[in-house]
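Some structures to go through are shown next.
Okay, so subunit A shows up in both of these, paired with subunit B first and subunit C after.
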Partner chain A sequence: MQKMITVNINNQEYEVQEDCNIVEACDAHNIPLQRFCYHRYLPVDGSCRTCMVEIETPQGMMVTTACTTKVKPGMAIYTNSEKAVAAQKSALEFLLLDHPLDCPICDKAGECLLQDNYFDFGRYDFRRTVARYFKGGKALNAGEHIVLDQERCILCRRCIRFFDEIVRTPELGIISRGHESSISLFPEKFIRNPYSGNSADICPVGALTLKEFRFKQRVWFLKKTKSICTQCARGCSIYIEHNKNTVWRFMPRENPALNRVWMCDRGRFSFNKLHEKRIFTPLKHQEEISFNQLYDDIAELLKTRRSGEIAWVVGPFSSNETYYALKTYCGDNAVCLMPPASGERDDLLMLAEEYPNAQGATFFGLQTETAPLIDKIQKGRIAALIIVEMDLFNLRNDSFAQCLMENIHKIPLKIYLTAYRDETVARVDYVVPVRTYAETNGTFINATSLLQKACQALVPEHPDIDAACIALYTIATGARKHQRRYSDASEMYDKLRSHYDELRSFQFNQIPEYGIALNMPKRADEPFKGIHVDFNVCSTAKPLEES
Partner chain B sequence: MVKIVRRPHLAGMRKLYVVEILGGLLTTLAHVLRNLFFPEKLPTVFYPENRKAIPAAYRGRHRLMKREDGSPRCTACMLCATSCPAFCIHIQAGEADDPFKEKYPVDFTIDLLRCVFCGLCVEACPLDAIRMDVPLVSFAGYRREDVILTKEILLQHENADYAHAPGYNPHRPLSVTHGVHYINFLKNIK
Partner chain C sequence: MAVQFSEAALKEYEEIVTRYPDKKATLLPALWLAQREFGYVSDEVLEYIAQLVGMPAVKVYEVAEFYTMFHKKKPGKYHLQLCQTISCYLRGAEDLRSYIQETLQVLPGETSADGLFSFQLVECLGSCHTAPVIKINDEYYDSLTVEKLDAIIRHLKKNSSGEDHGV
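Right after this comes the complex of A and B.
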């Protein structure tokens, strides 16, 4: 814990952390102060000159930038004195001088700092007497995911600092001098780094926009749901931003213990997958049937089999609730397969394990040893196989998948719980459609043993489609719909938490925003290994609402 | 508070009503005679043969304005859809070929069945791209599709005599297309 000191802001005493800058001190106490170039997770630049405050120094009153000035004990700071306000307004006026103001076609409108700050701090009288300088350079193709608009750029250098200091792939720079300066790609460069999407988030204006999101939605229509990214074992905190039951983008959510405010492009642009190749009706031998018939059939078929003959196979893609249901209701023949970790990885965030919850399977003590089950299948002692949310027949180089392909005829009943129409669907007897993780509540444990919740963002296509954990519970217990103990996956969580000391005190809706750090061995290093990312973090900070 | 209204006290001849009834009949007779002999003074309009002039501030059916090159002026900013209290404007935006236009409406639909003709969409539009000045009094249809306006229908007003009419546009000067003008405009209304 850092030492706290007292400063005087606008004639009022506040406790702030020693060593933090004035912007953070104001933010911690909700004192409004504009800024463009300052960002909590980037090195301080002081280039936009909009965060002007007046401070008392031994030489007398001084107007200075808040982001480059650290607080000192007893410091007197004025954000609303006459001089400070005049300086703030003039800096802002300069930023807007050659700005195109094409908000109607600008994707940033609605979350644009220039709009927001102008409303709060701007001057509304128009004083320009000379012709406007047109920078041009509109809608330039600047990267795999990025469109650049030089005219809208306010030269805050956030994007440059991000590429230089965090991803360390310098791709953008500022060329020319004076009012002609503009942001530009370095010659022969193209923004191709795997974190490029973040530059559009941190750009305070609409100079950098995302090809995948451009003109799809206006931001004020989007609803934000707190969730996590499931594309790798890092499990970055994100917002699922959706409207009309469709996901339009993933945005990183601040988590000081995990992804800070960043996420990789692999995760960010995976949002389309939530709507592709979905399956909404139950299948029996590839024929569509009703949900009632499906659960009746399965209950009938499983009733005649001993529990030793039923095998359950899950992958590291499911939520903790699903593992708990497997462990509690499905007996000992439950195995979790770990596909090979073959994805791209680096020292920032990305991990090679392209699945979100291998740690969850470990936490709930699921069997990962497949040899006994392979043996039973080969001897024909497995009468029913239930595959949970894992495209088993698409797994290459996996001994279990191999054995299954060879001995598939020895298993008379194969049931598949899935949200997607993948290769396995064609090879099983019954397909039980389940919800995606965006359609249900759930918890996941990431590679560094942080348990996070992913809240329900979308409504499933059909009301009878259940979360995987509830479908499993129904199948395993043969419960009829009205007999079910759970109507929502969060109830399953609330049940399971009572068995674990670390979780007992958190109900589902009380799980902290930044997750619960569990005391179990980690599968990977902490993110940003050897890279300085916490430039301006102080303990009194409030969560960032915008980036 | 309760206010008690007393019956008017009738006395003398008025109590018989006869005089009053005769007075009423006389008024009616006067109307009959005037309508018979001076039909041009009739207050009724023989619609649809005769039509009254539509006042300038009449809020009629919507249309989308065009630029000089014939493309829609609308940039699909969705401010009209945002302000619409009936949620009846549906716009799908797309990337235009010209980087200075950047964005255009691929699809623009107004569901007149839901529209409450409040005119908020016209007020919200920063480009004066949508107006409610099609001088039609009746645009009922036999099918739902007849009253759901597509982008094509909204843009069809080439030869109509109202194509250049000022139309219902209460708060904006006609050519607010650039921020500088807009700020000037804000300055003037103070």
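Right after this comes the complex of A and C.
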């Protein structure tokens, strides 16, 4: 616990953390103060000069930048004194002086600090009498994902600090001087680091924008749904930002213990996959059938089988609810395959395991040993194989997949629960379309044993498409639609939580925003290992998006 | 890497390194050395210096772009630096400026078509008592008038045509 001290802000006493700076002290108590260069997860820079406050010093009253000044016990701070307000206003006026004001065509409009601060703290009369100076440098290609508009830049250096201090690939710099200064790359170089998308998030104006988001949607139309990234075992907290049932971007969601406010490009730009190669109608031998017929057929076919003859195969891609359904309703022949970890990894966030929920499979005690099942398949003792959300026939170098290829003819019935039209679809008898993780509620456990929820953002194209856990429950129990015990995956969670002490006290909608830290062995190191960044995070401060 | 210091320049750089506690501090002297060695600091040279000093290339680029005395483009054989600060201004620097612009057909920041002269306006050269002043390469030409400057330029032109300049 940090030591608390008392300071006096605008003639009122406040308890703040020792060692925080004045911006953080103001944030902790909802005292409005404008800023551009200050960012909670970056080193303090003091370059924008907009967070001016007046403080009492032994030498008398002094106007200074709040972000570079640490609080001291008993310090008297004024954010609204005449001098402080005048200094704030003139600093902001300077930033706006040469800004192109192309908000109508700027993607940042609506979430732009320059707009927000102008409305909150700005002066409303334009005083410039000489011609506006335009830097030029519009829509420059700055990398695979990034477009740079030099003339919109206010030189806060957030992007520079992010690349220098967090990713540690210095790629951007400020060239020239005075009013000609602009953000630039080295000539004929491009931003190449795997975290480049974050620079557009932290850009307070529209100087850095994402190619994938440019001119796609106005930000005020976007609805934000709390979710997680499923591209690797890190499971970063994200917002799925969507409108009209389409995902337009993924944005990192603040989680101090996990991804802070960052995410990698691999995860960020995976949002397109949610709409690609989707499958919406059930298939029987590659021909479309109705959902009623599908579930009737499967119930009929499985009814005659003993449970020992039915095998269930799942991957580390499914939600906890699916694992729970598998464990509870599907008998002993359930196996979870772990594909080899082959992705890119680093010390920041990215992990080699390109799947979100291997820890969940462990938590629910799913069998990962495939040898007994391989044996049964080879001996022809498996009559039905149900594959859950894993492109099994696309798995290379996996002994189980190998065995399956060779002995496929020995299994008379193969059923595949999937959201995507992948290689396995063509190899099975029945395809049961299920929802993607964005179309249902669910929980996932990341590599550092943090259980997080992913809420439903989209409505599936076909109303009868179920979440995988519910489809699994339906198949395993043979329940008809009106007999089903669950109508939503969150109900499955609410059922399973009663079995686990660590989860019992959290209903689905009460799962904390930052997740539940489970007491189980971790699969990977903590994020940002060995990377020391000199920033102050006040635990009492509000989350970023609300401030 | 295509560009590289000559052995003598490298030796000089090694000596510069010994003067500072941190190698990064040698950035400015290294850039000076490079400008002397190569005539100007191209992108290629900047990358070489970055490697030499052990800094990211873009940080070297920042510094080279900040200081106007580093040439990013190849300057003319004679680089004219006309002082535009107050003493020279009062003593007729503006006349010299129009003379240069007209006779050599160069604007500040440009190089003449024959590659002989480049022209730059600079701040005080510290020779106010002999204003107006032009620095041509490393030489000061002071107490100038248009006539004197005309003679100097004629002389330089003649000089260069005497040599095999290739232009």
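Here is the rule we go by: the second predicted complex is superposed on the first by the 542 of 547 C-alpha atoms of A that agree within 3 Å, B and C clash if a C-alpha of one lies under 4 Å from a C-alpha of the other, contacts with A are read in each partner's own complex, and residues count from 1 in each chain.
Just so it is clear, contacts are C-beta pairs under 8 Å (C-beta built on N, C-alpha and C of every residue); 3 or more make two chains touch, one makes a residue touch a chain.
As the structure is a computational prediction, the values presented were derived from the model and not from experiment.
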Would you mind checking whether subunit B and subunit C clash or fit side by side on subunit A after the superposition? fit
Is A:172 contacted by the first partner subunit B, the second partner subunit C, both or neither? second
Regarding the shared-chain residue A:105, is it in contact with subunit B (first), subunit C (second), both, or neither? first
Looking at A:421 after the superposition, I want to know if it touches subunit B, subunit C, both of them or none. Which is it: first, second, both, neither? neither
Quick check for you: in the superposed arrangement, does A:139 touch first (subunit B), second (subunit C), both or neither? first
Check whether A:126 is in contact with subunit B, with subunit C, with both or with neither, and answer first, second, both or neither. first
Counting touched residues of subunit A, say whether subunit B or subunit C comes out ahead. B
Give one of first, second, both or neither to describe whether A:226 is in contact with subunit B, with subunit C, with both, or with none. neither
For A:218 in the superposed arrangement: first (subunit B), second (subunit C), both or neither? first
Have a look at where A:273 lands relative to subunit B and subunit C in the superposition and call it first, second, both or neither. neither
Could you look at A:410 and tell me whether it touches subunit B, subunit C, both or neither (first, second, both, neither)? neither
Least Cα gap, in Å, left between subunit B and subunit C after the two complexes are fitted on chain A: 25
Considering only the defined contacts, which subunit B positions touch subunit A in the complex? 75-79, 82, 93-95, 99-103, 126-127, 178-180, 182-184, 186-187
Please give the residue numbers of subunit A that touch subunit C in the complex, ascending. 170-177, 184-189
Subunit A partner contacts - residues on subunit C that touch it in the complex: 43, 46-47, 56-59, 61-62, 65-66
Subunit A - residues contacting subunit B, complex: 99-105, 109, 124-126, 128, 132, 138-140, 214-216, 218, 220-221
